[in-house]
Amino acid sequence: MFFASDNTGPVAPEIMAALTQANSGYAMAYGNDQATTELTTRIREIFEAPDAVTYLVSTGTAANALALATLTQPWQAIFCSRDAHINVSEANAPEFFSAGAKLVAVDGPSGKIDPRALETAMSAIETGGLKNTQRGPVSLTQVTDFGAVYSLGELRAVTGVAKAFGAQCHMDGARFANALAALNVSPAEMSWKSGIDALSFGGTKNGLMGVDAVIFFDPAHAQEFQLRRMRGAHLLSKHRFLAAQMLAYLTDDLWLNLATRANAAAARLELALATVPELEFQHKRDANMIFARWPRHLHQRAKAAGAQYGPGQEGSPGGGGGDLLSARLVCNWVTTDAEIESFAALLRA
Amino acid sequence: MFFASDNTGPVAPEIMAALTQANSGYAMAYGNDQATTELTTRIREIFEAPDAVTYLVSTGTAANALALATLTQPWQAIFCSRDAHINVSEANAPEFFSAGAKLVAVDGPSGKIDPRALETAMSAIETGGLKNTQRGPVSLTQVTDFGAVYSLGELRAVTGVAKAFGAQCHMDGARFANALAALNVSPAEMSWKSGIDALSFGGTKNGLMGVDAVIFFDPAHAQEFQLRRMRGAHLLSKHRFLAAQMLAYLTDDLWLNLATRANAAAARLELALATVPELEFQHKRDANMIFARWPRHLHQRAKAAGAQYGPGQEGSPGGGGGDLLSARLVCNWVTTDAEIESFAALLRA
Amino acid sequence: MFFASDNTGPVAPEIMAALTQANSGYAMAYGNDQATTELTTRIREIFEAPDAVTYLVSTGTAANALALATLTQPWQAIFCSRDAHINVSEANAPEFFSAGAKLVAVDGPSGKIDPRALETAMSAIETGGLKNTQRGPVSLTQVTDFGAVYSLGELRAVTGVAKAFGAQCHMDGARFANALAALNVSPAEMSWKSGIDALSFGGTKNGLMGVDAVIFFDPAHAQEFQLRRMRGAHLLSKHRFLAAQMLAYLTDDLWLNLATRANAAAARLELALATVPELEFQHKRDANMIFARWPRHLHQRAKAAGAQYGPGQEGSPGGGGGDLLSARLVCNWVTTDAEIESFAALLRA
Amino acid sequence: MFFASDNTGPVAPEIMAALTQANSGYAMAYGNDQATTELTTRIREIFEAPDAVTYLVSTGTAANALALATLTQPWQAIFCSRDAHINVSEANAPEFFSAGAKLVAVDGPSGKIDPRALETAMSAIETGGLKNTQRGPVSLTQVTDFGAVYSLGELRAVTGVAKAFGAQCHMDGARFANALAALNVSPAEMSWKSGIDALSFGGTKNGLMGVDAVIFFDPAHAQEFQLRRMRGAHLLSKHRFLAAQMLAYLTDDLWLNLATRANAAAARLELALATVPELEFQHKRDANMIFARWPRHLHQRAKAAGAQYGPGQEGSPGGGGGDLLSARLVCNWVTTDAEIESFAALLRA
């Protein structure tokens, strides 16, 4: 009963095999290896983006912070959801890497940016003023931090506001594969065709050991990003082992298959939890995360039985007047039906 | 009819005289002059704070940013009003000088921090977590950016919340004298006796040429602050001219007299505007600033007649359905009754 | 006998008069005043540079750090003399404002950059490498920190090396007027016609109260510089008082007259000191600074008699085996013949 | 014939086995796993340091930059060898993570810091001054960037100077194991018993996939380091895979065995090269790196035959007047006698 996070699970066997295979003889360091070159080509094909450049790092926070720093001047604002990982779970990394840009929190449902709220926030910044923070990029999270998936229309509504202000758009796609599997659209449609300029393309939460990519659809960012990555100490010398993982991930639809399994497990968990009388869902499930709340005594019982999961949204007293505490439940490509059933049974009991 | 800001007015004649008097012979540079030493003593007397240390800079933003950077680690949050000058009018200077701390906007009436909202914001940060921003200092603005003055009780309610979390408190006192004149309390009461650890003590908006002080009530901050000031290029070599201004400012209650005049002018302006039928006040006036709104055509008339003032809160259509635009009107120690009358007459006509 | 620094002397009476004259009524804040506009025009005329943009700050360190930050990326090197003020006397301000660029110290005589040493240093940086610091701008100091003045030929030899690497050139002209008076060339010749892209144009060391300018000959830097200045808390609200000083400085050749007086005083001091048997000069005098050394007991006598001056180059035992200590002696526009004579007499005795 | 770097070789089979073994079920993320706890204990035993704290990152540059930032204030200097990796090969990462500290290059033989040169450099910084850079930590590289190993006496001579100034000491031990194997002393002797406060303990160059540790012997640094690591995006979520590698590395002396093999290969390469008539060694070999130079035509022949190695020290014409170009040759735990012989034969021919 392990629903704590999709970064607590194992590495997919295909990835382990790729690591073993890559571990033969010498390879040029710092990304000058053959696998890295292949990866660029593979990404261009998958994203239908012949000019895209791709860079690997070992954490999602590095992907986000380095990508955003490349798009942002220190005197600018980065607009993001109030609940965005970059705003609440990255220990000021975006501020650090951008040399002091300001994150402006925008409201919206289930961790999404509401386009009207974005327009209000971007309009509140005076054009041409020197004393105020300047407008910078917009960062969207897909899947959001409350488990929601933007539809293509929703994505484009947000990036449309950004573009109207001349702002570039970043997508934190730590769970890009989960969102893509949920929407059943193409990678291009969910990225550059929807106005995304820079993408944090996650792997770590979906079966890799610690590899996330940054993809820029405009190669003009290549040189600056590479210098920022090196200066940020995020260029791994034995880079072939990152590239080998990412290549295997993108082979035979492994990335989509893993994500589809995680999403399907979450769907089954949702069904099982729907039978718990005292539980209420807090957000609609779109991918592999469920946010729900239930009484304290059932939390105690679940924890006592060894269930692992994290707190959800803070401080959420139940609407009905009860003492409901919220939880975040994340499914993984290895989540089993047995786990799901045991967990639901605990809460139902 | 010049109500644009209290930093557009002239320098008080006593200050000009002090500059002339200071301009004689040689003086040690970088604050090693006699006037600077005297200033430290004077501040200690006025604030009843025998250990306080005082440093001069030439802008209020420097005072705020350097004081806050001294109190803040880069991975921390600075809690302030959503409308605080440090949050909206300093071009990310606090983020820059603190090497990337995050400003967390807290709601409250008329630019004040609501103590309950502060408690919520500070509680939302997980104690002991590594991934989230850490708690850092609280910054209050007195007079607030919407012209309100915290009572001592209100101040202490806010700093009390901060202290409960072990956080230090900074006061942006760009208009400290105006607030003090309004409350009629002692400098000690409105600062360290109300929980303030570091004070930006403004002079520029109240008759000086470009001098603001930072006062720490705990001298343990002295060395770090001085190094930050130097590294920030804010240590003036001909420092005697800053010290001479600040000493004259604090002589014979000049600072309070200038502020009292500005406040009184604003009170008279308020009375005059109360007779304008189509005008409504947006915030209660406490010191030398008035926020009000009135129809667009009256703005046009006022501007055409040469009145100078800035926009107030953005985009505020009138409650009654009209097309009301807001304005900020700031009085100064040189504001005349004639200006006030002419301006009100324009709007009444 | 005050030879400590040219920033310990008084403000020129013409400047005080300009301040008094500027102190009338209201003026738009933050550089939107009339004097600031006039200043831009005046600088363009004096420098024969119709596109130049000019910005004022209140310290020379701010001028240097903000100008360099505008020319430098954080992953680059700034090449400067080992003895440059930016390298040894600005408390890491260039590193701070540039978000972590590296200063690379280049050797040369009397605080100048030797062009061959510069070429070696710039060549040592691998073109196209990602792991090494990248090449950034070159910063020259005119007058150097050891009192030397680059001839036009020397300037162009250094900037020629820089240009061959595609690097921009900054001049720290804290004593620009002294150098210009010494060389008797035009401002244009000593700046953009010699390859300078950005100039810190000093005023504080030559009779102003605390005003230095940054001049960019290419206005493409204007917007970024202004945002950096604001974010660095170096945009003064009562900006008219900076502009008024700088305008008066540039009126009727005041700047050159003050510098000529300081240089002439130093020439007389040099003559007087040449008669001191136990004194030896360490650098050739070109402008208003003298570096010399003499026995410890004469230092003690001079200090006891109230002479003020600073240490020169550190730790310099005399070539002849004696115990010679070095000193830096700086003359000012107010240095008197009496001071000079008294001082030399002390050392001669 | 692959002598380009010890980061181009494969991962040791014991490490691959440890990864496979670690890849089972769930583990708490972000270092809250069992292996990480064990690692702390293991390091304390090996280093005879019961209070030491250990943190893992995925690059050596991250280890260096984060460790140094924890020991350094932004207004300080970091003293290091002119040739140190942190000074020439980390793209300003130390400056970035320290928020703008200055690296002061100190001379010495073969990449070592000369203690007298260090004393001169540290003395040149004025104690108590505000305008100059302040003294900060000293960073030594063991093995140095020119392949030399400090003896314990040499280490202590350098750290002794540092301690006399109250400065803390960091060791860049990217090749700590190679140095230890060469000296045949204990880890404690080569670290805290020789005055080292913080150690970058390398693994990547000695058979790991991308894991380096930072060890502080004083746990007072623990909290700040962890916050810096998170903010620097260097805390890996699937941390068990780093810990598993490092634990295996420290099991059954694997780390020392791998290093011993690399050193022994270099010794054999040195012997073989000594038979090349036109080759001269530039530095004494102490561990697994050789710096030598030979005529251009032999470089061409070697490259044409597929030999891989990097340039050594730049621009080194031969003493004898010939056209000698230098090279860096690095051996690895997988370097074979066949490679060595083929390479030497190429140069001999």
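The letters A, B, C and D name the chains in turn, as written, and every chain counts its residues from 1.
Operating definition for what follows: a residue touches a chain if its C-beta (ideal position, glycine included) is under 8 Å from a C-beta of that chain, and two chains touch if they have at least 3 such contacts.
All figures in this text were calculated on a predicted structure; none of them were measured in a lab.
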Task = If every step must land on a chain the current one touches, say how few steps get you from subunit A to subunit C.
result = 1
Task = Name, by label, each chain that touches both members of the pair subunit B and subunit C.
result = A, D
Ask   = Computing the C-alpha centre of each chain, which chain sits at the greatest distance from subunit B?
value = D
Query = A-D or A-B: which has the larger count of contacting C-beta pairs?
reply = A-D
Task = Compute the distance, rounded to whole Å, between the mean C-alpha positions of subunit B and subunit D.
result = 51
Distance between chain centroids, defined by C-alpha means - subunit A, subunit B (Å) = 41
Ask   = Taking each chain's centre as the mean position of its Cα atoms, how many Å separate subunit A from subunit D?
value = 34
Remark   = Among all residues of subunit D, those touching at least two other chains are 74-75, 90-92, 96, 99-100, 130-131, 134, 227, 230-231, 235
Ask   = Any idea which subunit D residues touch subunit A in the complex?
value = 2, 4-5, 7-11, 16, 19-20, 23-29, 57-62, 64-66, 90-93, 96-97, 204-205, 209-210, 227, 230-238, 241, 308
Remark   = subunit B contacts subunit A in the complex at 74-76, 88-92, 95-96, 98-103, 105, 123-124, 130-134, 314-315
Subunit C to subunit A touching residues, read off their complex = 30, 73-75, 99-100, 130-131, 134, 226-228, 230-231, 235
